[in-house]
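Contents: one structure, followed by commentary.
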Amino acid sequence: MSWSDAIAAKTEQLTALRRKLHQIAEPGWCEYQTTAAIVSELSELPVTIYTGTDAVESSARMGLPSAEEDAYFFQLAEKAAVEPALLERMQGGHTGAVAVLDTGKPGPDTALRFDIDALPITEASSDHVPADAGFPSKHEGFMHACGHDGHTAIGVELVKLCVENVDQLTGTFTFLFQPAEEGSRGAYAMVKKGWLDGKDYFFSGHIGIHDLEVGTIACGTERFLATTKLDVTFTGVSAHAGVDPAAGKNALLAAASAAIQLQAIPPHRDGITRLNVGKLTAGEGRNIIPERADIMMETRGETNELNAYMEEEARRILTACADMYGVEVSIDVTGRGSTTESSKAIGAKLSTWGEQFTKRVIGPLPLGGSEDAALMMNRVREQNGEAAYLLYGTPLPYGHHHPKFTFDEGVLPAAVEALAQLITTYHEKEGMSR
Amino acid sequence: MSWSDAIAAKTEQLTALRRKLHQIAEPGWCEYQTTAAIVSELSELPVTIYTGTDAVESSARMGLPSAEEDAYFFQLAEKAAVEPALLERMQGGHTGAVAVLDTGKPGPDTALRFDIDALPITEASSDHVPADAGFPSKHEGFMHACGHDGHTAIGVELVKLCVENVDQLTGTFTFLFQPAEEGSRGAYAMVKKGWLDGKDYFFSGHIGIHDLEVGTIACGTERFLATTKLDVTFTGVSAHAGVDPAAGKNALLAAASAAIQLQAIPPHRDGITRLNVGKLTAGEGRNIIPERADIMMETRGETNELNAYMEEEARRILTACADMYGVEVSIDVTGRGSTTESSKAIGAKLSTWGEQFTKRVIGPLPLGGSEDAALMMNRVREQNGEAAYLLYGTPLPYGHHHPKFTFDEGVLPAAVEALAQLITTYHEKEGMSR
Amino acid sequence: MSWSDAIAAKTEQLTALRRKLHQIAEPGWCEYQTTAAIVSELSELPVTIYTGTDAVESSARMGLPSAEEDAYFFQLAEKAAVEPALLERMQGGHTGAVAVLDTGKPGPDTALRFDIDALPITEASSDHVPADAGFPSKHEGFMHACGHDGHTAIGVELVKLCVENVDQLTGTFTFLFQPAEEGSRGAYAMVKKGWLDGKDYFFSGHIGIHDLEVGTIACGTERFLATTKLDVTFTGVSAHAGVDPAAGKNALLAAASAAIQLQAIPPHRDGITRLNVGKLTAGEGRNIIPERADIMMETRGETNELNAYMEEEARRILTACADMYGVEVSIDVTGRGSTTESSKAIGAKLSTWGEQFTKRVIGPLPLGGSEDAALMMNRVREQNGEAAYLLYGTPLPYGHHHPKFTFDEGVLPAAVEALAQLITTYHEKEGMSR
Amino acid sequence: MSWSDAIAAKTEQLTALRRKLHQIAEPGWCEYQTTAAIVSELSELPVTIYTGTDAVESSARMGLPSAEEDAYFFQLAEKAAVEPALLERMQGGHTGAVAVLDTGKPGPDTALRFDIDALPITEASSDHVPADAGFPSKHEGFMHACGHDGHTAIGVELVKLCVENVDQLTGTFTFLFQPAEEGSRGAYAMVKKGWLDGKDYFFSGHIGIHDLEVGTIACGTERFLATTKLDVTFTGVSAHAGVDPAAGKNALLAAASAAIQLQAIPPHRDGITRLNVGKLTAGEGRNIIPERADIMMETRGETNELNAYMEEEARRILTACADMYGVEVSIDVTGRGSTTESSKAIGAKLSTWGEQFTKRVIGPLPLGGSEDAALMMNRVREQNGEAAYLLYGTPLPYGHHHPKFTFDEGVLPAAVEALAQLITTYHEKEGMSR
């Protein structure tokens, strides 16, 4: 059986696994059930599995959730009967898993990365495939709105495919199931654990991003945005809003001013910049001058320099808004992502696949967002490895992070096939049929 | 024993009850334990007690809490072993109580009102009397920061005093323990229940407001601010903040703009106005264009016309801010308070007490805030009754609604004495000793 | 002839003079033609006239106009054939005049003040009495929109009345025709010149303020607002707005932010506060990042403390807005006004006039604005003199500073009569008929 | 003499002419002296010169200056003794000139365009070459801060060069000296006049933009930003800021809010966008609620669609800000510019010049701004002509539109040479030496 046929045979499993994962959407560092599902799929295979602090460097995890949020998802995992020993290993937000396949033959050392976390978005309950087809998120307020459920399914089935065809492969494969991609928080903990050291190749990719036909594969990605994630707290003084408003120091107005004024950072001649105030929570009660306000925000830039420009401007504005209202401000970094480059050599090779490949390979496309994998790619590249980041085409009726985000599940086998092709291009032994 | 001596004898009980209530601070319509404590104190006395839908008109309750908040405090009351029958009567936010004392003798019909709710403020944990003296709020995030624990204690002990001295009194007394004063939400439900119908006199008052010596009593109050409480929701469209920010409609920025722009409503030549955005909650995640934002706000005015001016301006600004960001807005009224007048005749009579009275009575003082009792006062006044609202002096090192708000407990017996004096002035039989 | 009859006989002259002055509306320190008109009216009378640096202390003049504005109005005065010698005395903004009438008899020393300047408002050209009746301002962009044309006419005719009836008066009278009242800029220069030293009485007043019937006189004024006038300049860096916007430092946005954020200074429990950004001029060209922005603003407070609170808050906000955009800011004081009190004793005496007086005298009314005369009143009061500030009733279809501001000219003789009454109350000899 | 030598011989004249023009900096449609200087240089040559309404279509001129500004520069031209007949032809803002050279031989029809206007920027008076070398702008507040003085000199000397070498050229040459490039206002009036009809080639270019060595020539330009220029007026109601602020409708705050809020238009995934509020003038006087506010602003986009997105968003925000303050708003278009493309075929040919050419030709560079020439280029291209836009390298210590903007005058002969090369490439007869 050719790989193409083998992959076609996996279509049903891919869809089933993706739908299962979609229902247990968990945010970053809370992927207890998701990790357990991955481990459960792989545990019978001849791969070595690493979890807990063997998978991630505990102290290098960024942007951990609140104790309440962690406890909430941990309890859900307990109720869902996740195996206690595994759950204990993961306790306190040590989610994610690594599977290593050693072919026993000399050959290159390759890492592949699949991100597994969901987003704090309330999923649409109608006019939306997961809702209509009966596999909506069971976790109110959380949703796989970026396709990581698909990424995880692709990774799991790719491991199986490689195991099944190990005789045709050489070298070793490290499959990274990374937690907390959203917010650029998790890659650092896997890099620090050493998983990207000494790698010859690194492959990853993303479903969607551009609205394309199923089966189209972009052979690389441009415009990875560097990013900084900031948590900002303004602290003022509360007072009775009717009797003595001037006795207060209004943290809510400082934060609201910051949200507005941050928009006025000028665009830069050197390239794309972005800024988002994604969350603002302020005030205690209606008739109280608000004492505290919290902002979750991020900056981005097409280069590390552009992101540094945005972060610097943002810090000045935040401080000035605090001064304006006579309140205190603290600014904490909870995530950082770098820009990177997808290997042009690999891209060029892929773009010649036209005939051999059942899919349509097109030139590199811009990402226009940030990608935690950039940290991994840069680690591989600085050791002279090659790193490529693909885009797996699907029509996108709604954009990423939209409550109705969905994708055509036909993208799943297409992505597995593209990665398999890529692997065999660099690992294949003679006689392997495509 | 004179009333003064009787009151002095109650000082310890007043303090103990206030401290007990301080620890079980509950917000409006969630005063399950507080109501139970009141009922428990009065249940043995020859007064008729009304609770649940006998105390408040269910459909006239404004600004009800979320189902989650209600459930949280209900469960706390269950855990605290509140009598199940009473708890069942109150279920779903039917808190508050009314105690009626009929002297059996002809005489005026008098209502007295004591508000019982706390605020969503996190209490200071040091350099603060309740914390230092061992009676801080046990309900994290909620605090008696406006003295209603004191008001409740004053009301309970006044009932006892009247019962003990019933032979010296005439007519009937209706003691209203009102829930949900904060936000001007609860008085309406008691007025609609008919408790203020046919009353000859109405007395209420407030601890503090002005920084005064203990024992000073202001014989009336001016400048009750009319008020409207608004809940505002902006609804936009979420999108990926890095990849396609222009695809979103930013509800957070609409709300932040509103918070700022509402401050620019011009002051009015006709008198005091106030506006507070007390709470703003917006956004779902850091890298998502925020889809939803909620504001809790209030307007106030020295007259009903001034408050109407503020509300009208605010509504226009809220709508414009929604238009500005292309988002939808909904504006709901969750509370309304009127301006009123404290009886000048009663005030004048009190101000002659100088000699008889152990306390120092001073002229009327401005409130400068809103007071839900205004609705009750206006109901009594429109039926030609008299309504007076006193202020009970205490030093105020911190203002109302401040996390360190506290008062000198000496104000408690002083307030009981002032109310007792007021009652006997209008109800006394011959031979009653002051 | 009684004073009432004498005043009635002056009605036509009052109207004619007021209309003449209305047409030559000149802003503060530019009242060249206005001063010349006053001097011309009084020059034949047995009073001593002071102009130029004899009338105002040159170095104590605040908020001088730009050299261009001064030159513009000076040239207009040259073209209007103002007497060269007088014009030379006034050159460089030494406008205003003082007329002293010495009765030659012992008696009190009284000062009366009339303000003479206009405002930078473009007068309505239709549906407006001055336009329709043929006496609109001839100075495009400038208008008597506060009634100072009427004040000046009242003062001039009062001088004549006093001269004509000097046999019935005692002591001395100092008639101050004050420049630059708007912006609280001119009184200080007359106080510093010593004109208010050793005065027993000071009288002044204002047309309008409240919408009243002609002939109504308020016997005093309350709520003089203390005020500070600030000129603020933000200085940034210009850049090409399309090619390299991030190279600029945007002074316009700093100033616009300040204009908005200054509105958020909380109202104060102790009384009325006001803030106005009256003028904002920023930027050089459409496609240039604005390098410079200028703001003309003012703060006010019901007490000097409240105004100080506003000024301090404003300064902090202005500085923070500069920091926010990385621009420089300079803040200059161009005017300052104090709060004051109108003599209650004089007010009480006036309120007994009911029968003797042809007009209706009512109790004191709030001003609610600032009045440069406060400085003069405070100077007199600190030397134990008495100072009263009246309001002269007129219907007000449009408010002060509105392009359609106008008043009923019947107020002019009523004001003269009120002042005459006031004078004779304190200066009259026996036998004077009212 | 070779062209290179001929050009070298003109270096002194180029510098002298540029310095002369720098001193008479005039804004768009006010280039009376500048046009006269051009005409004076060319009047003796065998070219046909068109001025006034023969050069520009009167009704197609956009963004005309105020009558005051026009009169000011017209009077300056009168004082500078510009020939009366020419001045009369130009009266009312009909500036600019066209020179046509007919070689009398068959050949292509070529247009070249040189923009001649200056900017409303106050020139730096020290640490700035024109100031230090004695040729600063004599027109206070206006400055050649974009190099159009150099462009004009380049055009004039190129005409002379072509005339001198006419025997080596074929076809006809139309030299357009375009007024009012800043604000994208003047090109339309020349296009409408028909000057770009039937042209085979169009050449133009810009000094600077990028910081490059003198002698470097970019063979084309990318990223012409489409643009819309808007004049916005907010009209409210004035009132006395102290006495009755709520009676006003504040146009200044509406405009300031707009300036801030316009910054919050989200960046677009499809490319570069820009928005600048270049000028804001609001208010009448310090103590008056501002009745009127004027904004000069512009939007830009990398494509016409992106600019349309910006304009649409801006219009919605402007309208909402007016609604927010209850004021009226009018929005007028005073300029529009399109995006365009510089001919890739010409660029490719130029990039092969390496050896023949004395200068260094580099690949196309981004403009990143708007260029009024785009309208002309699009007109030529839609008739199947070719249009190229070069960049002439110079070091740029300060950016365009900066008060210290200056360039190395060595760029002038380099630009003339590049254009001469370009012309001869397409017009040369045999035997012409380069």
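So that you can tell them apart, the chains are marked A, B, C and D in the order they are listed, and the count of residues begins at 1 in each.
Basically, contacts are C-beta pairs under 8 Å (C-beta built on N, C-alpha and C of every residue); 3 or more make two chains touch, one makes a residue touch a chain.
As the structure is a computational prediction, the values presented were derived from the model and not from experiment.
By number of C-beta pairs in contact, C-D leads when A-C and C-D are compared. Across the assembly, the mean Cα position most removed from that of chain A is the one of C. At the interface between chain A and chain B, two copies of one sequence, more than half of the residue numbers in use are shared by both copies.
Separating the centre of chain C from that of chain D, both taken as means of CA atoms, is a distance of 48 Å. With each centre defined as the average position of its C-alpha atoms, the distance from chain A to chain C rounds to 67 Å. Residues of chain C found to touch two or more other chains are 243-245, 247, 253, 257, 260-261, 263-264, 267, 269, 274, 289, 368. Those residues of chain A that touch chain B in the shared complex are 119-122, 146, 182-183, 209, 225, 227, 229, 237-245, 247, 252-253, 255-257, 259-260, 263, 274, 276-291, 293, 296-298, 300, 367-370, 399-403.
Within the complex, the chain B residues that touch chain C are 260-261, 263-264, 267, 269, 272-274, 368. Contact residues on chain B toward chain D in their complex (touch as defined above): 243-248, 250, 253, 257, 261, 264, 266-269, 289, 309, 316-317, 319-321, 323-326.
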